[in-house]
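Take this structure first; my questions come after.
In order of appearance the chains are A, B, C, D and E, and numbering begins at 1 in each one.
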């Protein structure tokens, strides 16, 4: 047994055990925390399966953002699940059996795991993305070049999805409203336990924050050479703000980044991305054809295009995630 | 078969666990957690498709010959983002449902709607709750 | 610039969405949505003309040739969908100005228009893309914005409706994703044309068969095919009127188009309808859906729920046509798709107007409405006749085409289901008419005035439906072109 | 040697996981999960060396960061006493 | 085998030992506070030993810098997290184990 398969099996076992425990736990705080752990293990598995960019994103999203949001909602709502009624189990079991049967049937003809001659690896796409991209786009991280250039439209779509989510959350929960002076101060959800009172955590978080933001910038601009890119950077940026908001309170965080400014940033990123597509069209190429950005030197044009796109993604993702966090947290304060 | 496919089977098992939670659990938040598990199973499946034995991360570097496939990774990056977006919207809806009904158990919510119907109450949301907009 | 039309089709509404949010004015947001939908309609019309003259159009994103990049494909099979979606958007834009103002808090209005732009962009992108994963992305864009729009409904039931749709819809989307993954595993590609080439001959590949099953189950959720229709009634009935008009006209229709696209041009009819019993299952589910949807519609006492359940039945009609997998069947399905879309949009729009004027659309409260607001209700009656399929209306033309196609294949049981569905439609439409015209008005309060823009939009749809009933050559031409593009050369 | 470290890491992960499953209560689980998070940071670092590409340690930095954010979030957001049952968030869970 | 490699091996072994003993402590200690002790002692110690052990094997400077940053990060955040955790647990009245109590 190779080192790879040993580690793989242990991680898979951990994942399944965690998933089963999550389904059985009725205390939802605990379930949410185990979901964070699940995410961490998934991210480790992604590292093992050579998907570094995905591991980066999964860790940032699954642990950094999802967990905070779920916990925030749990703090607003009820934290314990009712007993699942017996009549509810049957449809679940039926669906699991049907889908499981289909998937099991499908697996009979799936190429062996890791095989070098599977259709995925023998399709000409592999050659183009891994080797020809080195001349056509010229950046070592092929994930970034496929993401931002070959499949740039998917990435635009992904950004639009993020934008839609921001829109949805703001339309449902609204931004943090200013406290009305006439209304007496309501008790905040963390009435007697303000983390800002803890000097240690305040100092550590305060000291950490500039590094977090610096790290985000590094991830943004290093995405062409190593794992990382606009989305990951945006999430890290946002988790920096989340940390700030959690430790120093929402009001201070809101003062640093007011809602109106955030919304402008949200739209700015998206407009830059679409605008870039329009610009390449006006310059005579097709939508998102970065070659035309630097006539005569396609690789430079690609570099430039990818950099603009990644920055646009970073801006929108960071501001949407921050907005979403503020919306959820603000709901708790104003209620 | 077992040695070459156990990875896929585990991923499928993870999907099924998530699917079961989504369908069978009545708590709206638990449903969303289940949805996340379901999606993660699919993400792993895709990444597994791109893995090559002895391969390395598809970041080109001298002295490395075998790389895993970058395309599934790109797809899953997109899918993860879609997943977290869905989760955020679902959570926001759950908060509003909690504020409107006082519970996040699906059965209780339905129960309350039925009671409304019996009393002829229309279910209009109170004006104060309607606090969206930017 | 004409070479760029396929991308402008999607980019125009996509660009307007952030602008709606940024500029924050209700009027500006509405104007942007109107401009976006007019631009899409122009693009769609120009594309339709060009495709009609010179055949398939392909557009490579970023100049990366397929299968290395993403391509947009415009062909006979999607021009009707593009036209339908963007035309509905224009009508809804006209309708929504006053309708939305009456239903939503002013601050949320720009957000609603932004979401409408996104839904429009998502549906158009879904219809135009030639890449399976890109289709998933557009599917999620349209779905996520639809969930948001539904949640904006004025009653609290809208929240649960949106949440349920979100969960069911996401599970469906994940099914599609798994199916795409399986197809990718056995072919190594995501481009629809490339995939189609690589699956030929692999009909007994079990992964591929499972991929077909999973993609279709996922799409069936979005199409609201029985028994996966559970999300539809509440979602349509609780959404703001403008939104339910828009999604009733477009949402399930685009999903049905995607189903056709996958079935005929990606997996191939020989695999889907030959090696696998998708056609027979489709016919069975369609028949059940028609009966159950129509029967459930008869028992509703809220007008919008009634219409929504009738939509479940109508999806059955279209699916029956597609499941025949014959040129006549698919053409009839496209025709019914167009006709029903116009008819149902008119009906939901009228229900929205009644809701605005009366404050409720429970049947009991509609007593005597026909006498108090004859023009509004006349529109409902004409459109309702179209729903039933009475001769001089659009519904008759398409139902007749469906019946012919079914008879051709000897599907008598489905035919029987379809006819009983129509009889039930007579009953449930008749019930509304009876209440509204033959009962004494109960409320004495004067109903609010009908805004001219809403009436215009409704009557435009009604007259369109009637004119299609008299002369169906344009939709019939589009539907025939679509069917031959799907079944003929593959095209993808 | 590095492989031995990896095995030790996996063993520790499993031990922490058992504690996270057993609880009892919220705090034991948070503690176990926090420990687990540190192990994943090390996992990324060690795996890089084990499979011969140690240059991508950025992920480790990120893990350390999100682990901290998550712990702060858990403590900040769970300390709220549950208005309905009154027992949540304490040892009773 | 050079001196550096031996040193690295020793550090790695010590780190691995620290980790496992911390894990066992986490599982076997009787109450929350003692477990905190097990975790808070071995976490940074094991991580530090392993990271320094790895550092000795690195030849590229940028990898070394990253290892150092991780080390710095962990030494800063890990004790902080344990500190607030214990603080919160005490405020919340998590009971303390006494001689003769059942394990909890």
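The criterion applied here is as follows: contacts are C-beta pairs under 8 Å (C-beta built on N, C-alpha and C of every residue); 3 or more make two chains touch, one makes a residue touch a chain.
Note that the structure is predicted; figures quoted are calculated from it, not measured.
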item: Contacts common to chain C and chain D (chain labels); value: A, B
item: Partition of the remaining chains by touching, absent chain B; value: one piece
item: For chain B and chain C, chains touching each; value: A
item: Longest centre-to-centre distance from chain D, chain (CA-based); value: C
item: Chain separated most widely from chain B, comparing mean CA positions; value: E
item: Pair of chains with maximal C-beta contact number; value: A-B
item: Centre-most chain, if every chain is reduced to its averaged C-alpha atoms; value: B
item: For chain C paired with chain E, centre-to-centre distance based on mean C-alpha positions, whole Å; value: 58
item: Chain A-chain B separation of Cα centroids, rounded to whole Å; value: 13
item: Mean-CA-position distance for chain E and chain B (Å); value: 33
item: Cα-centroid distance, chain A relative to chain E, in whole angstrom; value: 28
item: Two or more partner chains touched - positions in chain A; value: 52, 74, 78, 103, 107, 110, 118, 120-121, 125-126, 129, 151, 154, 157-158, 161, 164-165, 168, 170-172, 193, 195, 201, 208, 226-227, 263
item: Junction residues of chain E - those touching two or more other chains; value: 77, 80, 84, 88
item: Junction residues of chain B, two or more chains touched; value: 15, 19, 32, 49, 56-57, 59, 61, 71-72, 75, 78, 82, 85-86, 89, 93-94, 96, 132-134
item: Pairs of chains in contact (touch as defined earlier), listed by label; value: A-B, A-C, A-D, A-E, B-C, B-D, D-E
item: Touch list for chain A against partner chain D, complex; value: 3-4, 6-7, 10, 14, 17-18, 21, 27, 29-30, 33-34, 36-37, 40-41, 43-44, 47-48, 52, 55-56, 59-60, 63-64, 67-68, 71-72, 74-75, 78-80, 189-190, 193, 195, 201, 205, 208, 212, 215, 218-219, 222, 226-228, 232, 236, 239, 242-243, 246-247
item: In the complex, chain C residues that touch chain A; value: 4, 7, 11, 14-15, 17-19, 21-22, 59-64, 67-70, 108, 111-112, 114-115, 118, 121, 125, 133-134, 137-138, 140-141, 144-145, 147-148, 151-152, 178, 182, 184-189, 198, 205-211, 213-214
item: Complex contact set, residues of chain E against chain D; value: 8-9, 12-13, 15-17, 19-20, 22-24, 26-27, 32, 35-36, 39, 43, 46-47, 50-51, 53-54, 57-58, 60, 62-63, 66-67, 69-70, 73-74, 77-78, 80-82, 84-85, 88-89, 92-95, 104
item: Residues of chain B that touch chain A when the two form their complex; value: 4-10, 12-21, 23-27, 29-30, 32-34, 36-37, 40, 43-44, 47-53, 55-61, 66-78, 80-89, 91-96, 98-99, 103-105, 107-108, 131-134
item: Touching residues on chain D, where the partner in the complex is chain E; value: 1-2, 4-5, 7-9, 11-16, 18-19, 24-25, 27-28, 30-32, 34-35, 38-39, 41-42, 45-46, 49, 54-55, 57-58, 60-61, 64-65, 67-68, 71-72, 75, 79, 89-91
